[in-house]
Structures are given as structure tokens and as C-alpha cells.
Amino acid sequence: MAQAIERFVPDGATVAMGVGLEALIPFAAGHEMIRQRRRDLELVGPISDALFDQLIGAGCVRRVTAAWVGNVSEGLGHCYRRACEQGVPREIEVHDHSNFSISLALWAAAWNVPSLPTRTLLGSDILSTNPNLATADGLVQVGAVRPDAAIVHVQRADGHGRAHAWGPLGITEEAGLAADRVIVTCEELVDESVTLSDPNRILFPETKVVAVVHEPGGAHPSPVQGHFKRDHAFYREYAERSRSAGGFDAWLQEWVLGVPDRASYMKRIDVDAIRIKQHRPSIAADFGDE
Amino acid sequence: MAQAIERFVPDGATVAMGVGLEALIPFAAGHEMIRQRRRDLELVGPISDALFDQLIGAGCVRRVTAAWVGNVSEGLGHCYRRACEQGVPREIEVHDHSNFSISLALWAAAWNVPSLPTRTLLGSDILSTNPNLATADGLVQVGAVRPDAAIVHVQRADGHGRAHAWGPLGITEEAGLAADRVIVTCEELVDESVTLSDPNRILFPETKVVAVVHEPGGAHPSPVQGHFKRDHAFYREYAERSRSAGGFDAWLQEWVLGVPDRASYMKRIDVDAIRIKQHRPSIAADFGDE
Amino acid sequence: MTSSYTPQELMVAVASREIRDGDLVFVGMRLPILAYAVARNAHAPNARGLFEVGLMRDQPASAFLGTMGDPPNVAGALWATRMSNAMALMAQGHVDLGFIGGAEVDRFGNLNTSYVGEPSRPKVKLPGSGGGADIAILSRRWVTLMTHEPRRLVERVSFNTSPGHGDGSPGWRARNGLPGGGPAAIITTLAVLRFPPHGGEAYLATVHPGHSVDEVRNATGWNLKVSGDVSETPAPTAFELDAIRRFDPDGFWTRS
Amino acid sequence: MTSSYTPQELMVAVASREIRDGDLVFVGMRLPILAYAVARNAHAPNARGLFEVGLMRDQPASAFLGTMGDPPNVAGALWATRMSNAMALMAQGHVDLGFIGGAEVDRFGNLNTSYVGEPSRPKVKLPGSGGGADIAILSRRWVTLMTHEPRRLVERVSFNTSPGHGDGSPGWRARNGLPGGGPAAIITTLAVLRFPPHGGEAYLATVHPGHSVDEVRNATGWNLKVSGDVSETPAPTAFELDAIRRFDPDGFWTRS
């Protein structure tokens, strides 16, 4: 993980994360960025359930291009508030979107056009605060957003970059296609006989994937279908402790800066309490060809 | 099948078919339209491997909105040629597209916007013959194409309209979302425990699906992953016999008009020669949740 | 009577009654997800729920949900897809009813979930639109739930994240190209506010049991109009309460 | 010598040499699919093939393909997706080389696959663009294969389905906003025609074994320019022929 972030996420990069909305959020990758003191990042996503708040609080962020930043079960993002309201720990720029418009911004980049039209956001003041949005002929033109990197956590991937994810995918596909490069973190690193057994489930063209990191639990506290439930209590504790800048710093020290890697982090989690124990295997599709 | 076509594909309808390109072409549905003497249809698709040619030759078609109409392994579409070159059996209108532009035309309808921009078709004379295409500011604006019905053949579906298809899907997804209604024909009619075991493989929202028809072999002679190879010889025979209008009429009598339904049609096919016998099951995804 | 259920439980029951049988409902989270569960089990057995994360469901999830992306919401889903496909259905006018949360709503039903104060240096930075603006603009009709306080029900929102009836002038939405019909009701901890058929200004329709018209008007940030036939909000039925408590067993959403 | 292989086999071998190692190739059907298979087995083991039907592959399919949608092309695919996603990669400039079939090509490399004669009442209605126009406009460079006859290699195409270098004036593609570099070669049954680096008019680069410059010029519908260092097209190697015959065992594409 350390090498992947060092190599592919430089200071100033535009990074899409949390593109599966509340599920499969690449927290481990985000925490590694914080440990490496990454700076001046532009974060791109639909809603961000706590991860963007943590990166903002750690001072890694120059701009947020997103529809929603907070804590889905607990409410406000306290670091996001401090940054916008007081410039603490630093000033950040916000490019507001709706969920639909950030998806269209990524599709515009994926199809390599300057913008895509939509009727959403008509009448909304978001049009007045985001320079990437314009209106013409009764339509909103959503300017393309092209991330330098998209980071996704998935259930399984092979070493060649073929990733399988399931459950609701949000804007995962357009984020991967729009990005210059994709970093995949996965619960299971599998042989290509697994991924190629179902090419329809492969998320991205392998030509976009620059790194595959085997990082079990890399999405905690967000849920991973078939592996982990959402750790609601962990989100609640984060919300409470991050109310004050000091409380956040202590939390960050305890869960990120003072932790060498994800494996050590997971040792502190009551994994049994959140592990999914009932299995619901999908019924096979037959790719027989002869 | 007869009721589905009678009820949901009236004369004059705009119908998307063959949206999986060379695979999963709903020939059985098309042949039923011919038997019911459907008239003045607008056919929408990317490439059409023989099916559109047959509907044109049978006089069902008023307009073709497609990127390619012919016979992929054999070349020209002879009925298409006669209709365009001689108005036989009737004049048809052609709205030329490229594969990318017809996809965008359907995405525009799916997202309910008047058009989508692209750089493809810049410099092509297709811009001069298709009134649905316009250029502005160095981009082509592809006008929305909204089918009244999309007809797709899939490997399996349940009675509620949840369809699973696999292999290359071409423009299947945007065609279904763009269409007012979707008719599904399937190799296997399965219990919802099969389709719901893998909600990521469900092609369309069931709210769009108005009919599910259990029609084994309904895509012959096109291939169906896991079920049937492409029947190359059948395409070749069709190409040869359709060179003359009389030859086509004889072919149509033998394989469509003189055949009551798909079951009788399949009795005439050497099914064993095209059946896929090796199985390549996909490895399960675990949708476990607790 | 009021002691036998919480204000949140009443709000959920009232919200569930906004769902008509056969509706496609853009559900969202928190109280609305419970309202959907109640309606499915009561008067709307054929309703379907659409979630912006990329899910369609008929039956509500069998286990508690902290978010719409929780695994129980995926198991048994009718469609697990991309957000843009769910939004496509809404853009086509296929979503009959949407629920939106908000921090501030004004007399014309505009919602603010973005900024309190000047956006460049806000007094409070709220999380943002999420799918709220999309629902407000594209769904056929929508409803919002809110704690009834003067600082939440305000004369005019300082930032219009999710437009209702704009400046309240007749036909404002149509004039500005907004396809959907806009807000149908504001369900609060004290009352239900509704809007005239063609938009405009919210009025007091029903007052929750145990509360008075004056109490509601005093808790509202503008001079709230009162319907000629203002009545009492029907209390949640035992059946509704039973369903609510089944889907929120620990009262995470309705008793905290 | 020429009797030991067919013109189609030579064309496939020549086409395969256009594929560079590591290229992402928009393959198409018929002879190009064989060229891709040959290249993968020879000098381009790291090339990948992209198919507009919605597939990416590394190894060519193990069995004969009548179309790119045949089941053997799906089994073992690296990605089975939607056409618009494959097109997205090409729109981003990620496709290094494309192959396009055509009925007519002109001196500036423009292809006609739509209409011979007046579109409203054509002499011949050809099948249409398919993905041809997309490849011609969006891929970094492309190649077309054609039977060398005056009626196919024409002065100007009557309908420009898939643009090459337009009117042949320098910078025509850039001026008209076409992102890709355009045609790199026309591989025919008699010869290989190439284009100047910045577009313009095709010239004769190599003549196939057993044919002469005059024969090629006489079979060309315009006054074909001849390169100063025109040479003989290298014949297919035994290795190339072996690969071709392995992937087209019955000569469906190369011996009919």
C-alpha cells in the first residue's frame, strides 16, 4: 500500500474515492495518504462517509469536489466544518455537486467531452458556487472532472488488475474510466481463473489499473458485501471525538498516525462483531463456448 | 410470444433489437412480427446481423436507425439493398449512425436530455444524411432516440422481468433504459431465487419490463453464451437465398411464414450441432449480509 | 396518548401515508427508510424503493440499516446497478415520490443543506446536496421531514440547495425548467405543512396530537398561513407503531 | 512462391506487422482478427485487443470466430462490458491501432461503406459504418485491408463514411477536430500504400511478390504516386502462415 500511494498519488493529485457511496470506501488507502503527509489533494466523490472528513482534518486537502461530505449515520462532518468555517487546519475550496451531477462530470471525462447536459440542478444555488457548472438553453452543462487517480476497494481482484466488486456500485465505473489510473485494494487477492471466470463482473479495463493491493479490512468501518457489516459504533465514536480539533488530532494519532499499517489497525478491531457470517453465493452464469 | 408482440409492438412502433450486436439477437420475436404482418416499424440497433434485413424484406419497416445492416459473416444485406436501391418491397428511410453514436443517442434518451455531445462522426458524411445529428462548437450533438420497445433475448429471466444476460452486452443497457418498455425473451425461465441471488447481473429495472417470454432457441442463428454457437451455415444459406426477391420470399415462407412458432422452427434445426457442450461456470460472488 | 409514541414515530407514520400503492419511491435514509417499510407492510404492498446508491427493492431490508449501502439492503435487491441508472429513471419522471432531509426549509419549500451564512466563509458548513437536489428537481413529488424550530423553518433559505417553489410565484418551477412537481408536504415534529396544487407558499394542514395551532405558528420562522379546515394529524396506529419498532428495534432513528 | 500462400494470407501477415508490442488494438472482424492472432504469437505478445461488442482480450480466441460476438471470443476475456465503455477508451486516445474494412477507399484514405451513388437512391446500399467511423476518427492510427481494384481504390469516395485525410490538404483532420492520426496504411491484394506523416495522399510503399508497380498503378483508380524506395512486400514467414492456418483452419477468411 505504501508504495502504491507513494508512487501514484503525488501531492496535488486529484483523487476519486468512496465512489461506491457508503460501501467499499478505501479507508486504508486514505489513511496511508495521511501517514505520508500528502498535501494539496483534490478529493472527488459523490457522498463521503467520514473518509474525506478525515483527510481534510489531517490537512491533506486543497479542494473537495463532491455532493456530500459528512458522516451518514451521525450527520455533520466536523473537520469539514472547521476547514470551511475557520480555515482549520487550512482553507479548502469546495466545488459543490449533486450525486447525479458528479456522476455526469465523470462520464464526461470518460467519454472525453468537455461537458454533459442535464436538467438536474436547475434552480439550485449550487450553480452559483461551482465554476464547473453552467446553464444554457434550459440545460445545465456539467464540466468534465478527470481524476488523476481513482482508488477503489473491492471484494476480490487478481494481480493483473481485474477487479470484481458487487453490491451497489454508485459511480465506481465512471470514476475508473474517467481516471488516468486506478488503484485497487481488495479483500481477497485471487488467481485470474477466478476473475476471468466472470468477465462481466470485471469493473475496469486492466489497462487503467496501475496497482493492486491486498488489504483485508481496507474498507473498515464501511461495509463490504459478503465480508463485513458497517461498524456503526466506530462512525459514532469518530463523530463524537472529531467535534473538537483536539479530539480529532487524538483520534488521528490513535487510529492513523500511530498505526504502521492496516494489519496493525485490524488487530485493534473486534472483527468478529462485524464479520458477515451468513453466505449468499450468487448462482453461476455459464460462459461455456464450445 | 404472439401476445407479447401483439400487445406491445403495434404498427408504427420504434423497436430496438439486436442491441447485443452479433450475440443474443431476438430472431424469434422478429419472426413473430413478420407473421403478424407488423407494418411501418422503425428499427433501432447498432449492427444488425440479418434480422433487420429479414424485417425489411418482409415489408415491416418504415425506417432504419442503425450503424450497420447486413450479414456479418457474409457481407451485404440483400433485402436492405433492394429496399434502398429499388424501393422493393417498399421504400425505407435510413438514419445512419456509427456504433458509438447510436449508443449515445440511447443514453441521451435514458438520461432524458435532447442530445449528447461527442467527437465521433466529425468529418463523416453521415452528418449530412442523418437529421438527428448536428455539429456545434467542434462537437457532434447526437439527438436522443427513444424506442417504444426494446426486445432482448437473454440466458435467463424470472417471471417478474428480472433478466440475467452475460457475454458482451453492446448497447443493451442503454436500450432498455431508453425504451418506454422492454420485452424479454429467454432461454431459461427461472425462479426469482436465481435472479435475485445476483442483483448486479440484473439488466433492467423490472419497472421497464412488460413481458417475459420463455423462448428456448429464440436467438438462433445468433450465438448465446453457454447455450448455442453461432450457426454460420444458416447465415450463409440466408445470404445466398436472399440475393433475389423471389429467393427471399421462398426462404421467408420456409422459415417464418410457414412456421407457427419457435418450437416448430427449432425442430428443423440440428440443435446438437450448435449446442455448447462444455460448461464454464462463473465463480460465485458472496452477497452475504449478516 | 402522545406519551405512547415519539414525535419521530409519528413523523414516520405520517410520511408512510404519503406513499401510494404502486409508487416508485426514491427512499433516502433515516426516517424515510422506516416510512417506506411501514407503507410496504400497510397500504402500499406494491410500492418499490429506489436508492441512489444503485438499488431497487420491494421488501424492506430484513435487518437494521445504518445506511442505504448496508449489506442487508443489497441482499434480495431487485436491481444492483450504477447511481446514474437510478438517476436516469428519475430524470424520465418514473420516480413518483422522493424523500429529502434538510437543515433549513423556507415558506416556499426550498431546502438548504449546504451553507448557513456566506458560502465563502459560512457560519455553518452543512454536508451538501447528496442526491437531495436531484430528487427536488426530478421526482414527481417530494416530502421533507424536519424538527419544527424557527431556525429550521425560515422565511427564506440563505442557500437554495434543493429547490421547492423558488420565489413562490406561480409556475416558478415550470418557468425555470424543473421537470418535477416539487414539494408536497413538510412533515415536522409538530405538524404537517402542505402546498397549493400549483406551488407557492406552505400552509398548516394538520397539527400533531397534543400541540396547538399557535404553538406551531410560534415555532415557524415566518407568518404561517393556516388552512381553513386545519385538523389534527391522525396518530400512528398500533399497526404502524409495530412496524416501525420492528424495523428500528433499538430506536436508533426514532427514539434517540 | 506466390502459389504457396493466398493474397489474403499475405494481407493478414502484413497487417499483423502493423501491430506493435503493447498496443491496444481495436480489432474488428475477418482478416484483422487473424492479424491480431498472428501478432500476439509473434512480435507483439503484450498487445491487447478491444472489440466494439464490449470485450478486451489478450490471447486470441482458441476457436474459429465467425463474428467477434462468438462464444469463444468471450471465454477468457479480460473485460466483458458495454460498447460505450470500449468507445470511451478510444475517445480518450487509448486505442493505438484500429482496423477498418471498406468497400471503397480514395487517394486521401477516406472510406465509403455507406452508399455508392446518390444516398437518396443509391446504386449500391452498403451496410454502413458499424464502428468504422468511430475507429477512423478516434483511434491513434488505423489500417484498412482491401481487394485492389480500380472500383475500390477510387479518386474520391462518393460518400465519406470513415474519414481519412479528408480533402488531402495538410492538417485537414486537426482543422476539423478529428482527434486521431488517421490512416497509416492501405493493405491490398497487390500492394501496401502508405501516407505522409502529416496526412495527405497515399503513395505506393511496397508491391507484393509476383506483382509489378505498373500492375498496381493500373489497378488503382487514381494516378498513384510511387515511393522513391518502393520495394517488395516481405512474404509471409512459415511461422506467420502456420499461425494464420491455425486460427482459420478451414480458410473461411483466407482461402475462400
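Here the chain labels run A, B, C and D in written order, and each chain numbers its own residues starting at 1.
In the analysis below, a contact is a pair of C-beta atoms (placed from the backbone, for glycine too) under 8 Å apart; a residue touches a chain by one contact, two chains touch by 3 or more.
Quick caveat, the model's predicted, so the values are computed rather than measured.
**Student:** With a step meaning a move to a chain it touches, how many steps does the shortest path from chain A to chain B take?
**Tutor:** Between chain A and chain B, the shortest chain-hopping route counts 1.
**Student:** Sort the other chains by how far their Cα centres are from that of chain C and give me the top one.
**Tutor:** Comparing chain centres, D lies farthest from chain C.
**Student:** With chain centres defined as C-alpha means, what is the inter-centre distance between chain B and chain D in Å?
**Tutor:** Inter-chain centre distance comes to 27 Å.
**Student:** How many angstrom lie between the CA centroids of chain C and chain D, rounded to a whole number?
**Tutor:** That pair's centroid distance is 58 Å.
**Student:** Cα centroid separation between chain B and chain C, in whole Å?
**Tutor:** Centre-to-centre distance between chain B and chain C: 41 Å.
**Student:** Residues touching two or more other chains, restricted to chain D: which are they?
**Tutor:** Residues 55, 70-71, 74-75, 77, 80-81, 84, 87, 91, 179.
**Student:** Multi-chain contacts in chain B: which residues touch at least two other chains?
**Tutor:** 104, 111-113, 118-119, 139, 166-167, 169, 173, 200, 225-226, 229, 276, 280, 287-290
**Student:** Which of the chains are touching one another, listed as pairs?
**Tutor:** A-B, A-C, A-D, B-C, B-D
**Student:** Can you check the complex and tell me which residues of chain A touch chain C?
**Tutor:** Interface residues on chain A, with respect to chain C: 20-23, 46-47, 49, 66-70, 72-73, 75-77, 80-81, 83-85, 94, 96-101, 103-104, 107, 118-126, 129, 138-139, 166-174, 222-223, 225-226, 229-230, 232, 235, 276, 280.
**Student:** Using the touch definition up top, name the residues of chain A that touch chain D in the complex.
**Tutor:** 110-113, 160, 162, 173, 177, 196, 199-200, 202, 204-207, 287-290
**Student:** Okay, in this complex, where on chain B does chain A touch?
**Tutor:** Answer in residue numbers: 104, 111-119, 139, 155, 164, 166-167, 169, 194, 197-198, 200-201, 225-227, 229, 276-290.
**Student:** Which residues of chain D touch chain A in the complex?
**Tutor:** 24, 48, 55-56, 63, 70-72, 74-81, 84-85, 87-89, 91-94, 179
**Student:** Of all residues in chain D, which touch chain B in the complex?
**Tutor:** Its residues touching chain B are 29, 51-55, 66-71, 73-75, 77, 80-84, 87, 91, 114, 119, 121-134, 136-138, 159-163, 166, 172-173, 176-179, 252.
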